[in-house]
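A, B, C and D are the chain letters, set down in written order, and residue numbers restart from 1 in every chain.
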Amino acid sequence: MDFPLLTVTAAVPAVGAILTAAVPAARRTAAKWLALLFSLATLALAVLIAVRFEPGGDRYQLTESRSWIADFGVRYELGVDGIGVVLIGLTALLIPFVIAAGWHDADPLETSSKRWRPTQGFFALILMVEAMVIISFEATDVFLFYIFFEAMLIPMYFLIGGFGDRAHAGSDENAAAQRSYAAVKFLLYNLVGGLIMLAAVIGLYVVAGNFSLQEITAARAAGTLDMATNTERLLFLGFFFAFAVKAPLWPLHTWLPNAMGESTAPVAVLITAVVDKVGTFAMLRFCLGLFPDASKWATPVILVLALISIVYGALVAVGQRDIKRLVAYASISHFGFIILGIFAMTSQGQSGATLYMVNHGLSTAALMLVAGFLISRRGSRLIADYGGVQKVAPVLAGTFLIGGLATLSLPGLAPFVSEFLVLVGTFARYPVVGIIATIGIVLAALYTLVLYQRTMTGPVKEEVRTMPDLRLREVLVVAPLIALLIGLGVYPKVLTDIVNPAVEHTMSDVKQTDPKPEVAVEAKNGEEAK
Amino acid sequence: MENLIALLIAAPLFGAVVLLCGGRRLDKTGHWIGTLLAAVSFGIGVVLFADMLGRSADERTLTQNLYTWIPVEGFQADMAFQLDQLSMTFVLLISGVGTLIHVYSIGYMEHDERRRRFFGYLNLFVAAMLLLVLADNYLLLYFGWEGVGLASYLLIGFWQHKPSAATAAKKAFLVNRVGDMGLSIAIMLMFTTFGTFAFTPVFGAVGETSEGMLTAIGLMLLLAACGKSAQVPLQSWLGDAMEGPTPVSALIHAATMVTAGVYLIVRSAAVFNAAPDAQLVVTVVGAVTLLFGAIVGCAKDDIKKALAGSTMSQIGYMILAAGLGPIGYVFAIMHLVTHGFFKAGLFLGAGSVMHGMNDEVDMRKYGALRTYMPVTFVTFGLGYLAIIGFPGLSGFFSKDMIIEAAFAKGGTEGWILGGVTLLGAGITAFYMTRVMLLTFFGEKRWQPDADGHEPHPHESPKSMTIPMVILAFGSVFAGAFFEIGERFLKWLEPVTGYSHGNPPVSAMTVTAATMVMLLVGVGIAWAMYGRRPVPVVAPRGSLLTRAARRDLYQDDFNHVVLVRGGEHLTRSLVYVDHSLVDGVVNGTAASVGGLSGRLRKLQNGYARSYAVSMFGGTAILIAATLLMRAV
Amino acid sequence: MNPVNYLYLAALLFTIGATGVLIRKNAIVLFMCVELMLNACNLAFVAFSRMHGNLDGQIIAFFTMVVAAAEVVVGLAIIVSLFRTRHSASVDDASLMKL
Amino acid sequence: MSTLTSAHSLWTLAADTPAERIPAPVIEYAQLAPTLIVVGAAVVGILVEAFVPRRSRYYVQVFLTLAALASAFAAVVGLAAGGYGSTKAQVAAMGAIAVDGPALFLQGTILLASVVAVFTFAERRLDPAAHGNRVDSFAAQAASVPGSDSEKAAVKAGFTTTEVFPLALFAIAGMLIFPAANDLLTLFVALEVFSLPLYLLCAVARRQRLMSQEAAVKYFLLGAFSSAFLLFGIALLYGYAGSMSYAVIADVVDGTITKIDPALADTMGNDVLLLMGGALILTGLLFKVGAVPFHMWTPDVYQGAPTPVTGFMAAATKVAAFGALLRLLYVVLPGLRWDWRPVMWAVAIVTMLAGAVIAVTQTDVKRLLAYSSVAHAGFILAGVIATSAEGVQSVLFYLAAYSFVTIGAFAVVTLVRDAGGEATHLSKWAGLGRRSPLTAAVFAVFLLAFAGIPLTSGFTGKFAVFSAAAEGGAGALVVIGVLSSAIAAFFYIRVIVLMFFSEPKADGPTVAVPSPLTMTTIAVGVAVTLVLGLAPQYFLELAGQASTFVR
C-alpha cells in the first residue's frame, strides 16, 4: 500500500491517451511517438509488477484499497495474483507492437476536414483500451471490474468502426457500411452480455451486500455467506454469459469474425489477443471464485460448448475465403481450448488455460500482424488474391509460416505447451472430452497449412510479383514476437512458476484436487533429484 | 561425457538457425556450414560410441538433464536426454547417413538458388530426429517427433512453386498429425495412469496396471508409428512425398522420419511385451503394409515411387519384427540399419540417374544406362542385391533373421506371418529386379523432356558419387559385420531383451525357402522385362496392376471420404454459421425494428387518438386496481 | 334527497365530458368538454363535502373555478393563435408531427 | 322522509358552522422562502414587462430570473443545512406544504436545472442577427401570425418575447411546490401553476411556429384532460377520507385514524372510492411523468416546442412530477401498497419496453430523445416501486443525474443548425464527428450517459434504481429493465455511428458557435455526467439523507 504501483500502471496509458489526443492535428508523428513512449513506459511498469510479485506470497499482492461508493458497498480495490500478473504483462507487451504495426493505419484521408484528427484518436483509443484492460485485470472488486469491463467497449467500438482497412475489397461506402455494421454488432453483443451481467451483479449485491472479491470468496469458503442453489446458479449464468460473449464461446461468437475482419490488423490483434482475454480471465477469477458450486454444476454444458467451439471454429476456419476471418475463427477454436482448460478444474488445465491466454495472444499477434502487412501490400483480404508470395517475399512468408506453426501449436513454440497442458488437464478428468479435443490439433494443422499453401506457395500471381518484402519497422515488430514464442516454448517455466500458485488458489476455491494417477510412481521426479 | 549428448543435437540445430537467419550473405558458404555441422554431430556420436564401448553392458546408459521443461503440479516434463545402445545406434545412423546425404546434396542442389535454405532444413531434420531418439521422456520425444514432421514438411515442399509439391508437403504433415494424435493420447494415458511419462519410471511401473490400459497405450503408440513410418492405413503420404528433392527422399526413407515409428515401438518394448493384443495388431499392420508396399512397388513406373513402395514394405518388415516382441526387436533395428544403408544408396543412385536424365523419373524412358553411368550402376546394383537379400549382403542377414523370427513366433500366427514375410521377399526380388532392368538394361527408350532437350546421360560429380560408394560398402558388409558373432544382438540385447522363441523349422530351411522365393521373383521379373522389349507407354495392365498404380485405391478412398466429405462439411458449417447462428441474432434485431415500426404507427399525430389512449389507459388502470382488490 | 345521487350525476357529467373530448373535432368544443369535466368534479366535491359535513370540498370547488378560469385564458390564447395561423380550429388538422 | 331529514340536516349543518371557528392561518415564511422568492420574482418580472423599456428588458429579466433562482437555491441549501431535510422536517403552511428531505432535494435539483435551462433561454447568438438585433429561440411577437406583416414589423422593431422569463419563473414556482404539496388541493393547484406557463412556452418558437403552436395545443388539451382526471380522483379520494390532508388520508387508508364520525365510517367502507380515486390521481401524475400509455403527448410536444423549452420541460417537469408521485405513493397510499404495486409494475414494464422499442425507428433527434425520456421514466418507476428508503434515494439520484444530461443534450441540439433553423433530422447529423469533433464528442457523452454506460452518471443512476428494485424483490423487473436498456442502447449507438462513422453530407448543417451561456449549460451537463459517474458517493449520501418523508 506504499506506492500504488497497480493504479499507476493503469493510469500511465490513460494519461498517455489524453495527451496523445491533445496533440494538434498537424503533429501527427509526434502523437505516434508519444503513444509508443507511453506504451513502453507501461511495459516497464508491468515488468516492475512482475518483479515485485512474489510467487510464493499471498494470493493477491500489491493490493490497494480505498473507499469509493460506500452506498453500493463498492471499494476501489486492486490486487494481482499470478494470473493477473502474466496477463497484465501480455497486455503491456503487445500494445507497443500494436502501435508500431499500426503506425500508418490511421493517417487521415485527403477528404477529411482540418479539425478531424484520426491519427491522434487512433492511438489515444488504443492506449485507453490498454488502461481499461489493465485495470480490469487488477480489480478485485466486482463492481470496479464490471465498470471497466463494460467501459472498454466504447473505445474498442470506435477503433473498429472508425479505422477499417484501407485495403478493403469493395467500394468505400460499402466498406464503411460493413465496418459500422461490424462495430455495432461488436458493441451490441457485448453490451447485451454486459447488461445481463449487470442484473447478476445487482443480484450479487442483494445477496452479499458488498463487492469485494476477497471478502465474498472468504465468506463462501467459511460458509458464512450461503446462497440458495438457484440464486447462485442464476448469478453464475449472468456472469458467465457476459464472459462467454467476450471470450467468445460458441454460439455467441459471430461478432468476432466481423469485428476482426473489418478492423485493421493491429486492432484485430487488440480485440482477440488482449480484450477478449478479459473474458476468459474473468471466468477463471470471478465465475469460479464467486460461484464454485454453480461452476461445477454448469461444467458439463460448458465443456460441450467449448468442444463445439474447438471443432466448429476450426472447420469453419477451413472454409473461409478471407484471411482475417480465418484467423478469427481459428481464435474461436483456441478460446474453446482456454475455456476447456478452465472448466476441466485440474491444475494442469487451468495453468494451461492461463498460459494459453498469453501464448494465443503472442501467436495470434504474430500471425495477424504479418497478415496485416501482407494485406496492406496487396490491398485485398481474399486468400484467392494471393499465391507464390514466398518466392518474392521470403522473409514475410517465413514469419507468416512461423506464426501459423505457432497457431497449430507445434512443439518448441509456446502454444504447444499450453495446449498440451489443457489437453492433459482435461483428459485427466474427462478422458472422452480430452480425446475429442485432440481432433482440434489436426484441424488446426489443416486450416493453417491450407492458408499458407494458398497464399504463399504455388506459382507467383501477377499482382504479387512486385510485392516488397518486410520493411525494417515490420521486422522489428515481428521478430521479438517470434523470439518470445520460441523462448516460452522451450522454457515456459518463467510463466508456470508465477501461475501455478494462483491456480492452486483457484482450485481450492472450487474445492477440487487433481485426480490421482492410477499407479503412484515413486521415481516420478527422480530426474530433478539428480 | 554425458554433457556431450546435448551437443549432438545442438550442432545441427545451430546450423539450421544460422543458415535460415543468416540471409543471402551465407549463400556461398551455406552448404559447407550445414555439412560440417552434420559431420560434427556424427563425430561427437562416434566419440560417445567409443566411450560407450569402453563400458560394461549395464553402465552404458548415459543421461543428461538440462532443466525442467514444463512443471505443473504432478505434470513434470524435463528437458532431459538418455543415451543407451538403442539411441546410440540411431544417432550413428542418423548423423552418419545424414552427413553423407548432406555431401551428396552439395552437388545435387548446386543449381538451386535456395540451396542455403535447403541445407538449413536438412540440419533441422537431423537435429529433430536426434532429439527424437535421445529424449528420455515421451513428451520430449513428441517434441522431436513433430520437429521431424515440420522438417519433412519444409523439405517435401521445398519446391513450393510446384503446387503438387506444396500439396504433398501439406498432406505429409496432416497425415502425420493424425498419428501425433495417437502419440499425445498415449502420453495422456500414461500421465493419468502412472502420473509420469518418462521412460524409466513408466517401464518400471508397467506391471502395476491393467493389461487393458497397456493395450490402449500400445495401440495409440502404434497409431503414431503408422503416421511417421507410413504404415497402413496412414501410408498415403509417402508416395507423394517423392515431390521433394531426391536427397530428401533418401534422408526420409533411410535415416530419419520413417524409422521413427520403429524406434518408438522398440523403445516402448516394455509396454508392448505386457500387451500381447497390441503386439498382434502391430504384427498385422506390419504384415499388411509389407505386402501393400510391395504390390504398389511392382506397378510404379516412377523410379522414386517404386523405391517408395519398397521402403514401405521394408518398414513393414521392421514393424512386423517389432511386433513379434523380444524375438524380433533386435532384428527390426538391425534391418533398419542395413536398410538405412542400401535404401539411401538406392535413392542417391536414383537421384544420380535423374540428374543425368534431365530429372526424368519414368523408368520406361530409361534403359541401357549401365554403360553411361558406371559408378551409379555399380552402387545401385549392390544396393539392389542387398535389398533383395542376395546371400552375403547385408539385406540377406537382416531380412532372413526377421523371417526366421516370424516363424519363431510359433503357432498359426507364426506360420501366417512367416508366409507373408517369405512372399514379401519374393515380391521384393521381383519389383527391384524390374527397377534394375528397366533402368540399366535393355535398349534406350530415352525421350526429349518438356523443353525438347535430348537427354545425354553422364556420370554425376564426385560429391555425389562418393557418398554412394560409401553407402554401397555399407550395404554390402554391414549385415555380415553385425551378424558375425551376433555382435548386434549382444549390443542391443541389454536394452530390448531377446528370446529365441520356438522356431518350428530350422534356420536352414527358412533360408532355403527365402532363396527359392528370391529366385522366383527375379525369374518372373526377368521374364517380363528382361526378355522382351519394354513399351515406353505403360500398357493398360491387369486389374491388380491398375489398382497398384493407384496405390490400391486407398488414396482415392481418402480423397472421396475425407477430402470431399470434409469440404462439404466445412461448406455447410460456414453456411450454418452465417444463416443460422448469425441469422438468429440479426433476426431478433430485425424483429425489434419491425415491431418498432408498427408501434410508431400508433403515434398518428391526432390529439384525440392520444386522448383515447389516455382514457383507455385510465380505464385499464382503474379496472386493474379494482381487480387486484377483487382477487 | 340522498347526496349519492349527485355523485352519480357528477360521474355522468364527467363521462359525457370525456366522451366529448374523444369524439369532437373543434378545439373550442373539446375545451368546453374539459370544462364540463372540471365542473363535474366540482359537483362531486360539493356533494362529498355535504356528506362529510366539512367545508373543504366547497372551498376546492372555488379553487377549481379559478383554475378553470386561468385555463380558459391560456387555452383560448393558444387556440386562437392556432386558429389565426391555420384558419381552422380543428384539432385533427393539427397533425404535422406524427410517428 | 329521508329526503326531509337530509334536507333538514343540510340546513342545520349550514346553520351551526359559524365562520369564526375557522382558525387564522399560520405561514412559516422562512421555510417556504424558496418558493416565495421565485413567485415574487415572477410577479416582479410581469411588472418589468410592464414598465421597463423594451431595449433593456431582456437584460433585466435574465438578471432577475437568475438572481431569483440563485437566491432560492441558496435558501434551499440554507434550509437543508438547518436540518429541515432531516431532523426538523415538518409540515408548513397549515399542512399544505411539506418541508422535508425529498422536497428540499428535489427543489434544489429543479432550481439548478432551471438555472442552466434559463441560460439556454437567454442564448441569442445562434441565429444570425435580424435587422441588427440579436434574436433568441422565441418569436418576436407570439401573438402575431407567422409570416404576417405584423410579425415582420415586430422583427424589424427588434421585439423579443421576454415574457418567457416570468413564465418560466411561474412554472418553476409550481414545480417547487408540486413535490412538496402535502394536501390534494395544493397538489392540484401546483400542477396547474406549472402546467399553464409551459403550455404557453411551447407555443412561442421563432422557427417552425406551426409545429410549435400545434405542440402547444396538443399539450394543452391533453394536459387539461389529464388534470380533469386528476381532479376527479382528488374528489373521490376526498370523498373517501373526508379530508384533503395527506396525513389524514393516510391514516384513513391504513385504518389508524382515531376519531371516526358516521359519515366517514360510511365512506371508509367503500373501497371503490379509494381505489378509483387513487387510480385517477395516478393517471394525472403518470401523464406528467410521461409513462405509457399516457406518454403520447411527449414526442409531439418535445419536437414542436422551442428546444430550450423542451430541455427545461423534459428535465424539470419529470423531477417535479416524480417527486409528487413519490410523495403520493409513499405518504398517502403506503397502506394501499399491495394494490398499486402490481399496477405500477405493469406500467413500468410497458413504459420501459415501449419507449425503447419505438425509439429504435425514430428519425428526428428531438423525438428520439422524447422516446428515450419515456424509457427513462420506466427505469425511474422501477425505483419508485421499491417502496424503500433505497428506492427514494435511487429515484432522487436518478432524477438529478438525468435532468442535467437531458438539458445538456437538448442544448447541443440547439447548436446544430442549417438554413431552416435547427437541423433535427438525424440524416443531417451524418458525419458531424468529422465536421466538429468536439460537439459530436460531447453529444456522444450524453448519449452514452442515456445508454447507461459505466463511468457516466447514467450508469450510476441505473444501478441505483435497479439495485433498489431488486432489493425490493422486483428481480424480474430488473431483468426486463436490463433488456430494454439493451434495446435502448441500440438507438443511442445508431446516432453515434451516424455522427462518427458516416461520411458528412455536402449540404450538411453547420455547428453554431454559442455564447458562454449555452457553453456553460453544456459544460455543466458534461461535468455533472462525469462526476456522478466517477465519484457519485457524495451525492448518493445526500440523496440518502434526503430519503425520508415527513408525514
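Going forward, a residue touches a chain if its C-beta (ideal position, glycine included) is under 8 Å from a C-beta of that chain, and two chains touch if they have at least 3 such contacts.
Worth saying up front: this structure is predicted, and the values here are computed from it rather than measured.
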In this assembly, which chains make contact with chain B and also with chain D? A, C
Count of steps on the shortest touching-chain route from chain A to chain C? 2
Taking each chain's centre as the mean of its C-alpha atoms, which one ends up farthest from the centre of chain B? C
Selected interface, B-C versus C-D, where C-beta contact pairs are more numerous: C-D
Roughly how far is chain C from chain D, centre to centre by C-alpha average, rounded to an integer in Å? 23
Averaged over CA atoms, how far is the centre of chain B from the centre of chain C? Could you give it in whole Å? 97
Distance between chain centroids, defined by C-alpha means - chain A, chain D (Å): 46
Centroid from C-alpha atoms only, then distance chain A to chain B, rounded to Å. What do you get? 37
On chain B, where are the residues touching two or more other chains? 589, 600, 603, 605, 607, 611
When you check chain D against every other chain, which residues touch at least two of them? 217-218, 221, 225, 299-300, 490
For chain C, jot down the residues that touch at least 2 other chains. 18, 21, 30, 91, 94-98
What are all the chain pairs that meet the touch criterion? A-B, A-D, B-C, B-D, C-D
Per the touch rule, the chain B residues reaching chain C in their complex are 600-601, 603-608, 611-612, 615
Chain A - residues contacting chain B, complex: 185, 188-189, 250-251, 253-254, 312, 315-316, 318-320, 347-348, 351-352, 388, 390-391, 398, 405, 410-412, 416-417, 420-421, 423-424, 427-428, 431, 434-435, 438-439, 441-442, 445-446, 449-450, 453, 456-460, 490-493, 496-497, 500, 503, 514-521, 523-528, 530
Residue numbers on chain C that touch chain D, as the complex places them: 1-3, 7, 10, 14, 17-18, 21, 27, 30-31, 34, 37-38, 40-41, 44-45, 47-57, 59-60, 63-64, 67, 70-71, 74-75, 77-79, 81-82, 84-86, 91, 94-98
Chain A-touching residues of chain D, taken from the complex the two chains share: 393, 433-437, 448, 453-455, 459-460, 462-464, 466-467, 470-471, 475, 478-479, 482-483, 485-486, 489-490, 493-494, 497, 500-504, 535-537, 540-541, 544
Partner chain B, residues of chain C touching it in the complex: 18, 21-23, 25, 30, 91-92, 94-99
